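Worksheet: the structure to be examined is printed underneath.
Chain nomenclature is as follows: A, B, C and D, assigned in order of appearance, with residue numbering initiated at 1 for each chain independently.
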Amino acid sequence: MKYFIFSVLIFSLILGIPSFAQNPPKPLTPIITDISGDGGNNLILKWKHFETVPGILYEIYRSENGKDFELLSPLQLKTMTPVWETEKRNDVSNWGFYVIPQKSEDTRIINIQIVKPTPDNLDSFVSLGAEKIVRVEFEVPPAKKLAEIPNQFANGTFYQIIPDDEIAHRPQPSASTAGLFKPFGISLPVDGKVGLEVSAKNSEFEFVDKGKRIASAEGEIPALLAKYGKKIISIVTEKTRYTVKYDDFAFPDRKTEPEKKYTYKLRLYQVKKPIKKVYGESDTISIIPKNEVPFAPTKTVALLDTVSNNVVLHFAYDPSVAGLKSYFDDSIFVIYKTKIGDTLCENGTKINTINSSWKFFTIDKIELDDVFYVEVFDKSGLSAKTSLIEHTIAEFKEPPIPPNLRTVDYENDEGKKIAVRWNPPTLAVGYNIDDVIPNTKVEDISDKNLYLVHTEKGDTVMQITDTTSIPDGAQKISTLSYSIPGNQKVLKIEYNMIVNPDDDVLYPKFSLDEINKVDIDVTGEIKFDDIEDKKYTLEGWMISKTGGKLENPEARVEMTIDATYINNVPIDIPPYTYFIYRGTDAKDFSTFKFVGTVGADSREFVDGFTELPKKVLPEGEFYYFVQVLGPDGSVKTSDIMGPIAPKGNLFNWNKVAVFLATLILVIAALFFFYHAKKGKKFYIRPIAGVVHIDEALGRATEMGRPIIYVTGLGVISELATLASITILGRVAQKCAEYQNKLILPCYDPIVMIVAQETVKNAYSDEGRPDLYREENIYYIAAQQFAYAAAVSGLMIREKSAANFFIGKFFAESLILAETGASTGAIQVAGTDDMTQLPFFITACDYTIIGEELYAASAYLSDDPMQKGSLKAQDFLKLLEMIVIIGGTVAATTGLWWIVHWFQVLGE
Amino acid sequence: MFWKKQLPIIIVFLSGVIMTVQYFVPLHASEFVFDNYIKWGISIGIFAAILGYFSFIRVHIMKITKKAPNWGYSIVALAGVVLMIVAALIDGTDTNGYYMKFYLYICASINATVFSLLAFYISSAAYRAFRARSSQAVALLLAATIVMLGRVPIGDYFSFWTHWGLPSFYDMAQWILNVPNMAAKRAIALGVGLGSLLMTLKLILGIERTYLGGE
Amino acid sequence: MHLSTDPWVWIAFFFTLSIFTFLWKDNFLYKLAENVTVGIGMGFWIVLWWNQTVVGQFWTPLSTDFGSNFHLIIPAIMGLFMITRIIPKYAWMSRYALAFTIGSGAGFGLPRVIQGGVLQQLYATLLPINFTSVGLGYNLIIIIGTLSSLIYFFFSKEHKGAIGGVAKLGIWFLMIGFGATFGYTVMARLSLFIGRVLFILKDVFGMHLF
Amino acid sequence: MNFWEKLEKLDRRIIYIIITLAVVLPFFFRMGLPIKISPETKAIYDYIQNLSPTDVVFISGDYDPQVDAELTPMFEAIVRHCFERNVKIVVSNVYNPQGVGLVEPRLKKLAQEYKKVYGVDYVFLGWKYGYSLLIMGMGRDFKGTWQTDYYNTSLEDLPLTSKINNYNDIALVISLTGSGAYVAWIYYAYVQFKAKIAAGITAVMAADSYPYLQAGQLIGLLGGLRGAAEYEQLIHHPSLGSAGMEAQSWSHIAIILFIILGNLGYFMSRKKK
């Protein structure tokens, strides 16, 4: 015992030593911001984690009384492998760059400035505290190296720039449209994109010309820094290591109450294990979140349609706060109409009260001098107003309210969804004629002095001969590459079936001049090969569940496809967007909340009540309406639909095929089980394997050598093992009859007991209980290879005449079969394990394959249930075969909708 | 008798039928049953696992106390268990801890090596046992050879006939796998599917009750 | 090539060689290694079981939100019933837990196997027979192969006449299928040995292999 | 004893030595043979290639040390690909607790190599009891089913997993297994929840998985060391899988020669009789 305690002590000492040596890192104190306009329920903690600080995990703690801290959340850190770099670029001692440290607001982080003094002003810089930079690091150095000099955290992002002239002068790939080159006398055989090779931009050349340096990221072009520079983790002078790379961490605490004092602290772990913990803690910091006045949508725009004199308000927030919208606790907008002079927004007449989640609001029939303002109220009753919103004149082409707009209870759900649906089912089709093998041609045009110029509106091409007047960012074009049409074309039809479940659409069918094709898996694309240079007529339909075609004109496509040249006609979908709102009171607009948006490529919006917690069902009745937004900013609002209440459904109709199959299975099984139980004799064909078993036994008798029977590695509950036991009964019977020695080495003790019983009974039934030897049925080991080795040894020792391997086998099958084969015994194997069957088939004289094993067992067994079960399986197999034949005929003749009955996907 | 025999069978029947019906019913109540059934099933399993540990420890302690043949190895096995628990307690279960190292470098290495012995057994069996005893076995070995050559890069290296547009070993292997092999395996899968379905039904209906153990 | 300096690699190397001695014959080293791995494997599992499942799936939900999770105690007790199997007199108590898991497992499985194992497999077999595309009538071979193999496993009719012929065709398909498995299995077994050789060459002897 | 009989009685140790040489020697004498990419492998590669950095791939290492040699190269190749593409990964061992010890160190190593952040770029869930129950539970309530990750951090607290509710938030499930675990993934995740499933399986199982592949229940398949090697070629990072392919080539040739010689001996000695 004392040795044990001693060794445990030694062991824990070894594990404990590193924890004494380590200096726990102290994390920086976080900065806490209270989000305005949120009701005082949110705080955001921000802090910096410098890369050279070792740590694996931050924990954020909060306290309400300043003493008892509770853990809010752990945040994992990325832990880099430390590397001590000795590359050439790390050593910058002769570059002549200096760093000047300066104080900053935060005492733990300083500001630094990088300078390259001239011999004249070097002394004055040194007197300012400038230190010579000897090394820069791009990886985190190991702890031992870090400890050599003090570590100082510094603000700013720094790069080491070693520009590669080669890159700047190498042509870069780019692309443009062919049309841009027409004015310069270059005619191209294609319409679309052409590949270009362009030179670097002027700014790039300038950047490169400045040479190698250490630069602050401020005032540099980020793209160029990324291309030619490498971000620095730490700048090292002889005295100090300045770590400049850090990660910004932010953690929102969304569960605060206003006017309550909260204290926070951070804990940074270096090691966190059940027994050993090493960590440092930050200083604490306190804050009292406040419930402020909400933000008003100050950037709201009013668009006036001069025809109808309607105004549409597009609500919008100031960009500086728009991102925080999800934190706001605003609840309603009150919209006022007033006249231009009312600059204080006090004398307006109230038009309506709406929910603050609305995106648009339409005001009918205004007078031209009407102006508006919006007052927003939060949940605690505080309010704020926008300034006056004047309208701007717009010309509206009002979007249509889709036909047959309706709400329905979503099918096959638990009662948490309502669908808003509309018509008509539409088949939208585009196409693409392409070369099978395009030939690419490259043309050198550098002598034309063409430049690619990037503007806000897109790229243009300019011809510039005077090299001094090249605009900034222009790139000289050196080569053009484009594809010359080959002589083989392919037609790709792209389509979009814009339907909702009510339309019962399965898949589309297309015919291109009498060639019919369906896309049963609805991939959105159909290909026609071997396209000739001519005009084709394409017809398209959508096929419904009953095999019919949808009748309405939108659901049918007839178009001419011009395959004489390479072209692309995209799918045309109208540019409308649908905004869906849900409310609880048809008369009160403030109850209607925005729930989601879909484009015009949908005919359905499914409202899943996502704001409710999981597993909570919505209660009560709901109303819906839809706002349709047109591309010009016009908005059309639908009538209010409803009321509707989501209902749970009793049966999932998507699974009807599975249900029918289950029914057939249960009925067939019950039928055969019932008849089996009543004693009906079912016919089972003779199994070839059984004949071979007798043959093998016969030979063993001739030779007068023993028989080895292996039941495999399965446990008793396995089907294969049970079948093996049944067959063992037959073998044992014959053995008793022929007076053979039967040896059974067992893998599982329970199987052994059952086997003993079976053999004993068989011998008794044959009237030879005297021949039964229990010691021949024995347990070996429950270890796979040890068992296999033992049985192999047995086969060689006993020189068995016949070996039976029947049951569940794994990788040991080949060891058994090999040894048996080498002793020259007759071997009969049988297993349902498909991966072991090949070894038995090649190494044994006869093999019972897969299900034959069960059949053989049923054939030999007295249990009527086994036969009944086999019979039921046969019946179902027959059905499967009928389905395969029928379905193949249907598929071959194009009746895909019949095949579709068998397609069952998930929920 | 009822408590020991009938009731378990009734429980099997009810839980089987409820779970089958649940699949087709999207109602909230049905989802509730589903969610909680999963939690319950997991909780039962967690504690049922103790049985496994218990019988493991019992077997080895029995061997040691009875001084059964090779009982010394049982001490080794039990020491392994204790070692792992102590390592996890002191050092945690992270990558760099002793717990993970013990597993990766000792247990995993040994297990991987034990199974790598099969490479030797299969080569010995290839030489001594895999015989083309019948025309069907010839088909099997031929398909096997093509797949073996088609799955290694050297198969294509040897396929000089590809110059004349004939399929290489790789192409032949892909064809065998995707066409005849797929067809045969599909038939087996369909059969196995039916077999397991009938087994399931027999369990639910209480016809198959070997799982209840003896008596 | 430089030898590994990691003692763990050498421990693994020692045990690897110990196992390979089994090729010569069963011996002390092999048995030792086998039992070490049995013990460590079990210990690994026990720790994992405690750490992740008992704490993670049972204790955490109960301790953080007892109100909505208290019912988990019932199945936990049922799970503990399972242990009665080692006391023959009370072994029957374990049947409730068994019955529950087996019954619900069967109920879970039934419709899903019908869908995934039967209907989806059937659906994938319903292929059009055409000789136009690159398939060269492969679909026909697939359908004939599937049907004939199914007929081979059909036990209600004797394999005579037409059915016998089709079943015969089926067995050829099955043999090709088993051949594919065979070929792949050879590869699998060799991969395991290659894995160990790679360990020895790369990790132990520090050879640069790729 | 004539030649053929002698051949039949050849000592097995000679065979062992030949196969050892066929495996070891190719590491020293390379031929540099190219590896063709099969469509099954390409399908997985293309799928991951087209994912965006917000997508999550769920990898389940359902294997044990016995098949480590075949599946770890696959695991590493897939993780490398995801990390390179910035795709997020959640790794677990649903079907095999032993997999924890194999997957965790490799995942950590790769994460360090690619400088990935735990909880943001990847999460390791480990093993929990449940098997098929776990797979089904994930379809309804991902976080509720797992509760915590391997390091006992609540999944709510990890930025990556806090956004995962069910299979809709998972772009692809990859089951790496030496058993039939991938079929369970099909039955319980694909059938009910339409999760996309891919399988990386040992060569032993590979031939049997083609029906699932053809039925579209699997989007792709990595079969054995060959599959791993193909994937390594696709991501241009040859490693354990590719290194083994030449050894695989020569040892296959050796096995085929064994079969031919063995059968020759068998027929010759039978003819004599």
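The criterion applied here is as follows: a residue touches a chain if its C-beta (ideal position, glycine included) is under 8 Å from a C-beta of that chain, and two chains touch if they have at least 3 such contacts.
These numbers come from a predicted model, not from an experiment.
More C-beta pairs touch across one of A-C and A-D than the other; that pair is A-C. Averaged C-alpha coordinates give centres for chain A and chain B that are 28 Å from one another. Chain A and chain D, compared by their mean Cα positions, are separated by 20 Å. With each centre defined as the average position of its C-alpha atoms, the distance from chain B to chain D rounds to 15 Å. Residue positions of chain D touching 2 or more other chains, listed in rising order: 16, 19, 23, 66-69, 98, 101, 128-130, 136, 141, 150, 190-192, 203-204, 207-208, 211, 214, 216, 223-224, 226, 248, 251-252, 255. The residues of chain B that reach two or more other chains are 20, 23-24, 31, 35, 39, 41-42, 45-46, 49, 88, 93-94, 103-104, 107, 109-112, 114-122, 124, 126, 128-132, 136-137, 140-141, 144-145, 147-148, 151-152, 177-178, 181-182, 185-186, 188-192, 194, 197, 201, 211, listed in rising order. Looking at chain C, one finds that residues 22-23, 34, 41, 44, 48-49, 51, 53, 57, 105, 108-115, 117-118, 120-125, 143, 146-147, 150, 153, 174-175, 177-187, 189-190, 192-196 touch two or more other chains. Taken together, the touching pairs cover every possible pairing of the chains.
Residue ranges of chain B in contact with chain A, taken from their complex: 20, 23-32, 35, 86, 88-92, 94, 97-98, 114-115, 117-118, 121-122, 124-125, 128-133, 136-137, 140-141, 144, 185, 188, 190-192, 194-195, 197-199, 201-202, 205, 207, 210-211. Chain D makes touch with chain C in their complex at residues 13, 16, 19, 23-24, 27, 66-70, 97-98, 100-101, 126-130, 132, 136, 146-148, 150, 152, 154, 186-188, 190-192, 202-204, 206-208, 211, 214-217, 223-226, 238-240, 242-244, 247-248, 251-252, 255.
Residues of chain A touching chain B in their complex: 8, 11-12, 15, 272-276, 412-416, 615, 617, 648-652, 655, 658-659, 662, 665-666, 669, 673, 716-717, 719, 722, 785, 811, 814-815, 817-818, 821-822, 834, 838-839, 841-843, 845, 850-851, 854, 865, 869, 872-873, 876-877, 880.
Those residues of chain B that touch chain D in the complex are listed here as 31, 34-35, 38-39, 41-42, 45-46, 49, 93-95, 100, 103-104, 107-112, 114-116, 119-120, 122-124, 126-132, 141, 145, 147-149, 151-157, 170, 174, 177-178, 181-182, 185-186, 188-189.
Of all residues in chain A, those touching chain C in their complex are 655, 657-658, 661-662, 665, 682-687, 783, 785-786, 789, 811, 834-835, 837-839, 841-842, 849-852, 855, 870-871, 874, 877-878, 880-881, 883-885, 887-888, 890-892, 894, 899, 902-904.
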